[in-house]
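The same subunit A turns up in both complexes below, where it pairs with subunit B and then with subunit C.
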Partner chain A sequence: MEAAILIGLLASGVRFAVPLALAALGETVSQRAGVLNVGIEGVMLIGALAAVLCAVWTGSPWLGLLGAIVAGVLFASIHALFAVILKADQIVSGIALFLLGIGLSGFVFRLTLGSGGRPPGQVPGFRPLDLGPLGEIPFAGPVLFQHNALVYLTVVAVAAVAFLLARTGWGLSLRAAGENPEAVRAAGLDATRLRVVAVLVGGGFAGAGGAFLSIAQLNGFVENMVAGRGFIAIACVVFGRWNPVGAVLVALAFGMTEAAQIRLQILYPALPHQFFVMLPYVAAIVALVLMRARSGQPAALGR
Partner chain B sequence: MTPVVRLAGVTRRFGSLTAVDGLDLDLAAGEVVALLGENGAGKSTVVNMLSGALPPDAGTIAVDGRPVAFAGPAQALAAGIGTVHQHYMLVPAFTVVENVMLGDPRTPRGLLDLRAAAARVEAIASDLGLALDPFAPVGSLDVAGQQRVEIVKALSRDVRVLLLDEPTAVLARPDAERLFAVVDRLKARGTAVLLITHKLDDVFRAADRVVILRRGRVEGRHRTADVDRDTLVRLMVGEAMPAPTAEGPHEAATGAPVVRVEGVELRRANGSLAAAEISFEARPGEILAIAGVEGNGQGELIRCLAGLERPARGRIECLGLRSDLPHRWTPRALRRAGLAHVPEDRRRDAVVGSATLPDNHLLSHSFRRPFARSGLIRRGPALAAVRAAIGRFAVRTPGERARIAALSGGNQQKLVLARELEAAPKVLLAAQPTRGLDIQTTAFVRGLLLEERRRGTAVILVSADLGEIWDLADRILVLGGGRGHGPFDRRRTTREEIGAHMVSR
Partner chain C sequence: MLRRTLLLAGAATLAAPTILRAQTRLKVGLVLPGPITDGTFNSAAHQGIVKAQAKFPIDVSIRENTDFAQIAEALLGYAREGFDVVIGHGFQFAEPVTEIHKQFPRTWFIVNTAQVAAAPNLASFDNRWGDAGYLAGAVAATVSQRGAVGHVGGIPVPVIQDYNRGFERGAKRINPGIRVLSAYVGSFSDVAKGKEITLSLIEQGADVVTSTGNENVIGTIQAARERNVLAIGTAFDSHAAAPDTIVTTALINMDVNIDLAIGRIVNRTIEPRAYVLGLNDGGIGLAPFRNFEARIPAERRAVIAQLVEDMRAGRITDLP
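Let's turn to the complex of A and B:
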């Protein structure tokens, strides 16, 4: 019985972590290039809606994911235009993106599926994969090997981003754009272009994170369904010290916290459930206070 | 033989200011040409045009006889022109080899081969007689080390022309000599070097020819073998030679001390002891100089005197305020009482580069009439003060409302001094006020300090230049070996005595 609870907790922790991890991965790329995008919450919402729409229209969750990524890239291009090309304040542009994302996703949802559209459940979503004997392994099987394909794609994406940033010429240029764009220009590269690409990549990942929420977890869209996860993803980047693997590990910790709070709600029905819902955010604030050194922060972040 | 680079009639304007006016300049392979001029003479603009950062408004730049128009640094590098900027264009968080690889078109976009690149860095460095660890983080290197990275970075692009923008400005003597040894090797290899400098020593040590720039125009061209220092100084600063700054006999200041430092102990930001047992008084109408090898507590002492910190031990009294009383030892309270402060690091502590000249003027006076009334700042009086300072101090600026970063260092320093002297201070803290300034501006700043002394200000001057201290100071406090020595009366001491205290243990 104890083991069953633990297995359930860990397995659902992994699922809760994936949208955070995808968004945090994209935000890491963006911030390593020096661009803070505080609006990824909005990008995730747009991604979540686009995923549902595309999945419903095409009948394929994969095309839903693709639609979410494309929508995320397009939506983030607003941030690229204002914050990078026109050099507006990154925070202001990011907040605008967040607010626009909430409003636009809700509006489009009501225009399309919201009024008498399909109820959740009829949306073609990702199903857990059958990995054969791997899923049968005691403990590790249900925790690690009974998830949908997006979970495993996320793991691949983490490795790919970490490798690209650390080991390739493109990664070197991108990181330099976040440390000293002047030096990048003096070396003959286009710092603005590097940053634009990084913001778009970040948008694509945030869109995919939104897609996970809508077509792999809930199988439907609800207004404001991202519920602050975009901001938690930014916290993951900071706690992960701007390292893609670090950010994803922190996302995993937040995912576990979220899984735990749901179980605690059930265990302690006498306490108002709002206190448990707050837990991941309280954890973020406490961690932020405890972690004061900013080592690893790109020197030109936000400038 | 065609010169590698030829500038013909190159002109660049900023607003109403013509920074470079019809410049003609040739650079041949294996030749070192010095571009000599004071701060604001237009040297940096020449660098920016040659390195592709700025297009000229008129005139042509030709490489190997073919006219070129650089749209950016990449094209200048591709044409074979490399630049070592005065403010290094490096990524401190990266290693040496990563910095060298950055932006090199031969660096693959895919997988990086750091080992091969490191081998290349070492090959270039050893070819120049430089020691350089390819895997050292650039941020851990001193300024001379970072400059070596910049040189290797430029040469790794196989440039045929190297621009060195004020390369000795931040170097100690031995490092400067090592740099010139590298320049000699480059010359022997056939690289053309343009040495941008305001120092005559650099010209005579390294250059074959010298082109003198003043206010954007060429004032003369000479072979360094055929010219003497006096001629170069005259061409550089114009007919008006700087007035000698050594002052005549002066009666000892006898007024009541306005600054009293008693048994002060200074600690660095990391908690280590900088200097202890510092005691002195400063009286109206005297210049008290603080001598010492850099890093012996001068910075901490000035920060304490300015109210930015409190001494770890002992106490300071200044204009009726005391450092051991709570609350009142703040820069604002001290400034209200009549203190003025010219910080050492101009770019970091004295000006806000992106702010306009009037706003920079307001920085020290935001609480003071006529610059503020009823808690609101007033830009009109600030603009008037800036206008007066531009006229009185002959500040070269693109405009009265320009961003201060658009001005050269010397012109910024003039405005900082104008700001600090605005309210007729009773105590003036001047930390390295002439560092990095050209001959004329240095003379001007020294003159201002002497004028303040005549006016009855107590001037506390930190200088790393013993010659300057000897020209200006009435009394000298030495920081060395972790403690304060003196103050000594300048007329009754010798440079040997001061020097011995500086290096005491």
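Let's turn to the complex of A and C:
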């Protein structure tokens, strides 16, 4: 029984972590290029809705995922236009993106699937993969090898982003755009274009994170279903010190704390539940305090 | 004789429009904490106002997604514009309404799903959520085979805590040895977390689950269906969402409250008091078993039917 609970906890932690990890990966790319996007919560909502719509219309969760990524890129292009090309304040533009995302996703949902106040119906979603013998390994099987395809794609994406940022010329230029855009321009590169691309990549990842919520973890869209994960993803980037692997590890830690707190609530009914709901956030603040001296913030972030 | 009848009829047709005009249309403002598409709490208010619109001469304005911080401003907005009725849907409206109702004596303020009242123009309508939870718990214990049932609440507001207490007592009435688990999401809209919490209840042995709140309820139903355990719906008759998962629904007819409130205002029979609607007023109820009719032995169903009768007659002493 105890082992079953632990297995459930770790598997649940992974499911909690994936949408955070995807959004945090994208935000890492964006911030390394010097653009803060505080509106990824809104981008995730747009992605979650687009995933459901495309999955319902085409019958394929893969096209749902593609739709979410495309919608995320398009929606983030608003931020690229205002915050990068027109040089508006990044925070203000990000907040506008967040509010627009809440409103627009709810509005389009009502125009399409949600009219008439019906609860969301069945949506074609990602099913857990059958990895044969891997899934039957005691303990590790259910924790690591009984997830849906998006979980494994996330692992691939972490490696890809880490490699692109750290080991390629494009990654070097992108990071330079976040540290010193003037130097990038002096070297004959287009810092604005680098930043625009970074914001769009961030949007695509946030859209995919939204898709995980709406067509992998659940099957359906409800208004405001991202429920603050976009902001927690930004915190993951900071705690992960702007390193893609770091951000994803923090997302994983956060997911595990979340999975642990819901189980502790059930085991200790006598304690007020707010104490447990608060735990992941307390962990985040403690981490922030411990990390404060070792910042890796891009020098030109927000400028 | 014939002429006189015609004359009377003519007089009647002439008089009719005057009467209609004299009976002015009421302007009703409804303030909701969430979207009308949530399928539970806010949809219920919407359904209630749509029903009332069909019956009474009212013009309705609805304001959705009202955060706690916007409540006072939303209520004041309607009151200043001269609305005849302002309805706040949720217990969180009780305090702001208490502060402002005296400034607008020509407006009736109604708080739905709370218990608050003040002369001359503040009344509230609430349902006996604890009784609904009691019925849900009794049914859950009846169909549970592993001897454990669970409740997932959105946020522990008073009505949800009442439901939770009722659920535990109802379950223990049927099976005193049953384990009753419960946990809260900490959010009404976080469907994913609602689902994960339900999965953890199932891992810990629960084979019948129920859920209260808004959209988070959808997560519980999905988790139950995925893991092949049973669920008891709450508030709305949600049978159609998962006909082989949802045994029945503990109905909490919040739409009846709004319909009733407007009816009483139109008829001028409303008083500044807290109306609490139970089984006998149609405020709560138990939906039919439908697909589960044949799966639950007749004598068990009879126990539930008897419980409903006892509740109606006021013979149950441990209701929350």
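Note that the second predicted complex is superposed on the first by the 281 of 303 C-alpha atoms of A that agree within 3 Å, B and C clash if a C-alpha of one lies under 4 Å from a C-alpha of the other, contacts with A are read in each partner's own complex, and residues count from 1 in each chain.
Please note the rule applied: a contact is a pair of C-beta atoms (placed from the backbone, for glycine too) under 8 Å apart; a residue touches a chain by one contact, two chains touch by 3 or more.
Values in this document were obtained by computation on a predicted structure and should not be read as measured data.
Asks: State whether A:G188 touches subunit B only (first), subunit C only (second), both chains, or neither.
Replies: first
Asks: If you stack the two complexes on chain A, which partner ends up touching A:E179: first (subunit B), second (subunit C), both, or neither?
Replies: first
Asks: More residues of subunit A are touched by which partner: subunit B or subunit C?
Replies: It is C that touches the greater number of subunit A residues.
Asks: Regarding the shared-chain residue A:A4, is it in contact with subunit B (first), subunit C (second), both, or neither?
Replies: A:A4 sits against subunit C, while subunit B stays out of touch.
Asks: What is the contact status of A:S77 with respect to subunit B (first) and subunit C (second): first, second, both, or neither?
Replies: In the superposed model, A:S77 contacts neither subunit B nor subunit C.
Asks: Which holds for A:E258: it touches subunit B only (first), subunit C only (second), both, or neither?
Replies: A:E258 sits against subunit C, while subunit B stays out of touch.
Asks: What is the contact status of A:G169 with respect to subunit B (first) and subunit C (second): first, second, both, or neither?
Replies: After superposing on A, A:G169 lies in contact with subunit B but is clear of subunit C.
Asks: Please indicate which partner A:N243 is in contact with in the superposed arrangement: first for subunit B, second for subunit C, both, or neither.
Replies: In the superposition, A:N243 contacts neither subunit B nor subunit C.
Asks: For A:E223, using the defined touch cut-off, is the partner it touches subunit B, subunit C, both, or neither? Pick first, second, both or neither.
Replies: In the superposition, A:E223 contacts subunit C only.
Asks: Based on the A-chain superposition described above, do subunit B and subunit C contact any of the same residues on subunit A, and if so which?
Replies: none
Asks: Note which residues of subunit A are touching subunit B in the complex, please.
Replies: Contact set of subunit A toward subunit B: 167-170, 172-173, 175-176, 179-180, 182-190, 298-299.
Asks: Quick one: in the complex, what on subunit C touches subunit A?
Replies: Interface residues on the subunit C side: 34-39, 43, 46-47, 65, 150, 156, 181-184, 186-187, 189-193, 195-197, 199-201, 203-204, 215, 218-219, 222, 238, 241.
Asks: Note which residues of subunit B are touching subunit A in the complex, please.
Replies: Touching subunit A: residues 51, 53, 72-78, 83, 85, 89-94, 98-99, 101-105, 107-112, 153 of subunit B.
Asks: Per the contact definition, I'd like the list of subunit A residues that touch subunit C in the complex.
Replies: My answer: residues 4-5, 8-9, 12, 15-16, 19, 106, 109-110, 114, 117-120, 213, 217-220, 222-225, 227-228, 258-259, 262-263, 265-266, 269, 273-274, 277.
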